[in-house]
Amino acid sequence: MQRYLEELIRKALEEDIGQEDLTTNNTVPKGQRCEARLYAKQDGILSGIKPFYMTFTVIGAEVDDWGACEDGHAFKEGDLLADFTANTREVLTAERTAMNFIQHLSGVATLTNKFVSKLEGMRCRVCDTRKTTPLMRQLEKAAVVHGGGFNHRHTLFNGILIKENHITAAGGVRTAIAKASEGTHHLMRIGIEVRTLEEFDEALDAGADVIMLDNLDLESMREAKRRTGGRKVLLEASGNASLDRVRAMAETGVDVVSVGALTHSAPAVDMSLIIENV
Amino acid sequence: MQRYLEELIRKALEEDIGQEDLTTNNTVPKGQRCEARLYAKQDGILSGIKPFYMTFTVIGAEVDDWGACEDGHAFKEGDLLADFTANTREVLTAERTAMNFIQHLSGVATLTNKFVSKLEGMRCRVCDTRKTTPLMRQLEKAAVVHGGGFNHRHTLFNGILIKENHITAAGGVRTAIAKASEGTHHLMRIGIEVRTLEEFDEALDAGADVIMLDNLDLESMREAKRRTGGRKVLLEASGNASLDRVRAMAETGVDVVSVGALTHSAPAVDMSLIIENV
Amino acid sequence: MQRYLEELIRKALEEDIGQEDLTTNNTVPKGQRCEARLYAKQDGILSGIKPFYMTFTVIGAEVDDWGACEDGHAFKEGDLLADFTANTREVLTAERTAMNFIQHLSGVATLTNKFVSKLEGMRCRVCDTRKTTPLMRQLEKAAVVHGGGFNHRHTLFNGILIKENHITAAGGVRTAIAKASEGTHHLMRIGIEVRTLEEFDEALDAGADVIMLDNLDLESMREAKRRTGGRKVLLEASGNASLDRVRAMAETGVDVVSVGALTHSAPAVDMSLIIENV
Amino acid sequence: MQRYLEELIRKALEEDIGQEDLTTNNTVPKGQRCEARLYAKQDGILSGIKPFYMTFTVIGAEVDDWGACEDGHAFKEGDLLADFTANTREVLTAERTAMNFIQHLSGVATLTNKFVSKLEGMRCRVCDTRKTTPLMRQLEKAAVVHGGGFNHRHTLFNGILIKENHITAAGGVRTAIAKASEGTHHLMRIGIEVRTLEEFDEALDAGADVIMLDNLDLESMREAKRRTGGRKVLLEASGNASLDRVRAMAETGVDVVSVGALTHSAPAVDMSLIIENV
Amino acid sequence: MQRYLEELIRKALEEDIGQEDLTTNNTVPKGQRCEARLYAKQDGILSGIKPFYMTFTVIGAEVDDWGACEDGHAFKEGDLLADFTANTREVLTAERTAMNFIQHLSGVATLTNKFVSKLEGMRCRVCDTRKTTPLMRQLEKAAVVHGGGFNHRHTLFNGILIKENHITAAGGVRTAIAKASEGTHHLMRIGIEVRTLEEFDEALDAGADVIMLDNLDLESMREAKRRTGGRKVLLEASGNASLDRVRAMAETGVDVVSVGALTHSAPAVDMSLIIENV
Amino acid sequence: MQRYLEELIRKALEEDIGQEDLTTNNTVPKGQRCEARLYAKQDGILSGIKPFYMTFTVIGAEVDDWGACEDGHAFKEGDLLADFTANTREVLTAERTAMNFIQHLSGVATLTNKFVSKLEGMRCRVCDTRKTTPLMRQLEKAAVVHGGGFNHRHTLFNGILIKENHITAAGGVRTAIAKASEGTHHLMRIGIEVRTLEEFDEALDAGADVIMLDNLDLESMREAKRRTGGRKVLLEASGNASLDRVRAMAETGVDVVSVGALTHSAPAVDMSLIIENV
């Protein structure tokens, strides 16, 4: 993770800076140091304090007196989130990149937390998806955890999930499950997505370990739960999981609700970085 | 752009796939081809058709019969946005990555277009900021244009903008402008951000070419406009530019309104990729 | 795989060539073409025809009239394995690298096949390990399949296997299994290695899905099998799996025998590349 | 070498780990340290202690109290080869990669040493070839030296050796030697491989500095030696250099015997890494 | 700059060394340290002390007692320019690469300084061009500054300059200026190259901010200056700016003279590195 | 060479362009094609036609009707050197980079040719050194050949040359030669640099194959030649090899004169690229 993060931050800095920060290098005296303070301008859950910090160190700032809230911290508008001293030039050149990370990731954690709060007291998990921002998956999946949610499969190599299009390509639920079982090594379970109760019955019968109910109405979800009987199979609900609807979905008895919006539609949290005592 | 895009897509694919797409390679027959159709599941403005297409070619799909709407196209829920035939395995393995690009970028274009529509008939421009997603800047800035907006400075190397923190570090508006003018080659103008009318007067007097009014109230923005007299100086308003407030901001007489939300808080547009005729 | 292979071959060529093949470029006329023939100098099973071929194309040879046996083919001493025409310079410069791949990989396939032949008629699988040559894992695991064997977990990310050292670190079999179950997403089974029947009982009781019997004697392996009762648990035997002992191991009733020697101790198969008709 | 090794080890670790070591990270407490001990499970000659050590440092382990035998050390079954304390997580995640290096390289050193022992008391050298494992050449050539052998040419750029196929392409021994002499800068000698005494005579006559006798019988090798008269030419024997035959080859009077098996067919040495005192 | 320089130096070292410095590693005792002294063998202006120093650190030398003149220093034949102690092997292996940097860059600074001296007491600047050595631009542009000159545009992305070929492609001076003004963000000025007084008038009339007079005779340059009237436009002279002619060019009243020879035709400064006290 | 060149050109283009060629993309119509003509503005010898051509193809220009003089061609001021049609945008964006290569390399070839012409009718060779521009060695060494000169050792790995500093470090001429002979494989000769006739005698006596006479006066060079007697040793003269002095150096009887200026001090040849028929 350390190297992935360093590389990601270095490229993000290059993207933002180009060859040189002309404004900073021409207005800020060489060698000047400052105190930098990061303030919240709205309520939320913090995520991204590590890439925020590393953006300054990757660019070469000598950071002293570092103090910061931890990822997962619930903050209020006006709260001081981080405070440190460093070279003014490096702080100002790296500022926008550092902020772009922490504002977006705190946005993901904050939205996740709103979903999680809706299921308070329930056993059902709020889970992310692979609908993440290109090259930000590991950070976004960490932000989901900071917000109280759970991660799903990270890549197409570390879990089997047969989707609607795979069923079409394979020629049916039963064939797809059989072929996946044959071809995979024995350390993996078989998951499958279904769109109707008929497909659900097929999947259950074919021995699926995990069944995703995709865009089913609440009554169908309840019926699917009933049909599992005592069998050891995990139910996951996906599609249309809004803040208004998520509790009703969980109450159907599913084990997991997966929510794409956690990572693809979370608005950034407003924050501000102010330098002082130059 | 071509190489930046190829590299970005290749890394995004690697991030999503890991070593191999186990589900697809075990359920989809080798050599099978399919027709793939991309549908809109809500209204919006299209952006990202190029990275969408390239995701399939970068992974090695042999794409035939390609048909698609162009970036900037306004679509309705249910519209067919793209249609092509290709190898089923490659389509399914690349699907999520391709969708992650086009749904996010269309989200940026769609939100931009809502802002632009508010200023219909006015000369004032809606402009993006550097508050972009790490490693997605060029694509997001293109999406802003597809939505009818305008781009601002791309990197810290291709324009001078003195911000609040630079003023603090330099020791005042006047010094900052003087130092920036001295140190930069003669092909660039000098821009500066001000937070009060007093700073505005200083900036105007020191010969700034562009003055950003940061978080000023509407009355102060009007006053700033009055104080420019006939002088050749460009006014830009930033901060709190919501859909409700953007027209009132423009009506103060500023030349540009810059809106961070275009790129940092645009919700993804819902779309769906369906394969047929395998 | 295509890109991994191209990159691997390119680096292997650079390692062998340095800046230039001085001998070839000073003795072979520019533009000369030749017929190249690959002969077996001992019996074996072929693996590596793809990297063999690609070594010539990666270096830029224009290969015509390509003919070759397929991976998995059983050959005899003296057999012609591949035959093609190409630029003499490129053939001679790439020859050693191409040969280094195919001779080693055919060595792996050939040794695997000897183990597989010992279990003829049995349901028990011969399986590889992670004891592979650095940077050659994917090719060596393919060679195992060409030899009739099966692959195990590819990386530490696509399967859970608790080894002796993990048990020590976790503080016991039971704790290790519990922690692994808690922390992993639900699409994976839990495997564990045991060194005694006591550990075996603990693992069975704690709900392990796969149990590796590490260096147990044949009688203990039989006893372990008995103790599984009807429970759905997979048994794997590892350690000391020589050609002499592998059948006896399989006959204890285990499902899998894993053999490190397949990839770490297979002698290269002797082959020779001759050019003609220059 | 340092950078080549770091890069090689980093890639080997990535190949073995994938994104994360799921088993270790879910069973081993964060921050735990352990003592790790490397034991020999058979007799041999050590090589690879540097890549073994670096694998742990490259992954980020904080290694203390490092103690280890040196490359070239002759060990017995049961000997302790290395002993150190470090973070348990990093030790277990890097273990397999570190072992894959040291077991293979010690295999090369051990086999080399068997050949070298056969020539005890003789002036004739045992020498490696370019038949090395892709991307491991520098390490394997070092292992040959640790086993008491000598290195040959490292790449096609740092020495001239005209092989059988070059002679075919050039149109004869004499032409090949003449062209190589003309085209190369004056700091290099000219070496050539011959398959018959006729070719040997031609090479000798054409002024070759080094002549390789490829697959000649012992009597022909003796005859070649006789024909050199007092001329300053180096003789090298290659082909069929088994442990049984190597001394007889040396006794024909050749200066060097080169042995491909040293690097392409050395079985790995069995070793075991045990952690304690967690 | 730090990373660009490290990468550049590393590649330059690889280019010069290949796999290993055979001479040094076979003649210089391991662990030996020496004092190294860099002497000037002719008069000049120093540039490149940083890449000179870094070449030794990048290769891994442990440099002590570093003392050196600063970039921009005017030196005489025989002067000691730098003095340090380090590992003899690393010093000798890196020597040629370090010297290649500092001799070339000091050559650029020295030639620049000759031009600058010609304009002593004048306001007109001596400026470089984009006619730099591939991959050395940043270092060469710094060398120009060390010699007392000024930099022009660094890349095609950080300034607009319409050249003769652009005018041809656009269809005229006026169209080219209009299109460039439309398409560029408002933080940049518009520069244009003209070859005749007619083009000059067009450019002036179309509102160009900067006009380059390309290969105009001195009288035409004076006339161009006259025609600017009081208008705020910058004049730059380029073409045929020899040491003999540069003052006459400046005396026509232009603001800048740009000189390609500063970077593309500066002879290297002769220097010598001697080691002592080994 | 192909890949080294592509990579070099790609980096050179990136260095010159930055993110985008703003001027070209805003003034030249998309899709426009032009005829481009390269003219000589002074006499010289051509080198670099391949990197010139490749710069346009690497950037993606579709080049048609390519016609050009070959490397080594002697041209006159005003001659047409190359002529082709291509996309105007790509031509103009790549122009400066392409020109930077061909003007510098033709400069090297042209200067080399002046030295070579001085030795007309003599057997003595004009040879380059390792005093090349960082990252341009292969191209510059090719340019020396185009100018009629010869190459010396390419890297520190493909030849042994003991320099003055090595002698100091080794503790004398004799020791240095002995250690180099021992440690190197038998396919290389031993070269050494001497500064006095005493050192020359030592080197000769110690069996050096090549002796470089560094900065010796003409009489000493003649004396050295005399002292070789009939012994097979190659003499090379280096230091102060100006156009005025090179013939006198050759006439002392040395076999090679090596000249650093060929690559480190050759002024660029003036050329001009004009587009037409847009």
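Per-chain numbering from 1; labels A, B, C, D, E and F assigned in written order.
Basically, contacts are C-beta pairs under 8 Å (C-beta built on N, C-alpha and C of every residue); 3 or more make two chains touch, one makes a residue touch a chain.
Model, not experiment: these values are computed from the prediction.
In terms of the stated touch criterion, the partners common to chain B and chain D are A, C, E, F, listed by label.
Number of steps on the shortest path from chain B to chain F, with steps defined by chain touch: 1. Ranked by how far their CA centres sit from the centre of chain E, the chains are topped by C. When the interfaces C-D and C-F are ranked by C-beta pairs in contact, the top one is C-D.
When every chain is reduced to the mean of its CA atoms, the largest separation from chain F belongs to A. Chain geometry summary: the mean Cα position of chain A and that of chain F are 55 Å apart.
Chain geometry summary: the mean Cα position of chain B and that of chain C are 48 Å apart. Centroids of chain E and chain F (each the mean of its C-alpha atoms) stand 21 Å apart. Counting partner chains per residue, chain C has residues 18-19, 154-155, 157-161, 188 touching two or more of them. Arrangement of the chains shown, judged by which pairs touch: all-to-all, with no pair of chains left without contact.
Listed in rising order, the residues of chain A touching chain D in the complex are 1-2, 138, 154-155, 157-158. The part of chain C that touches chain E in the complex is made up of residues 18-19. By the touch criterion given at the top, residues 151-153, 157-161, 185-189, 191, 209-210, 234 of chain F touch chain D in their complex. Those residues of chain D that touch chain C in the complex are listed here as 8-9, 11-12, 15-29, 32, 34, 88, 91-93, 95-97, 99-101, 103-104, 107, 130-137, 154-166, 168-170, 175-176, 179-180, 182-184, 188, 260-261, 264-265, 267-268, 273-276, 278.
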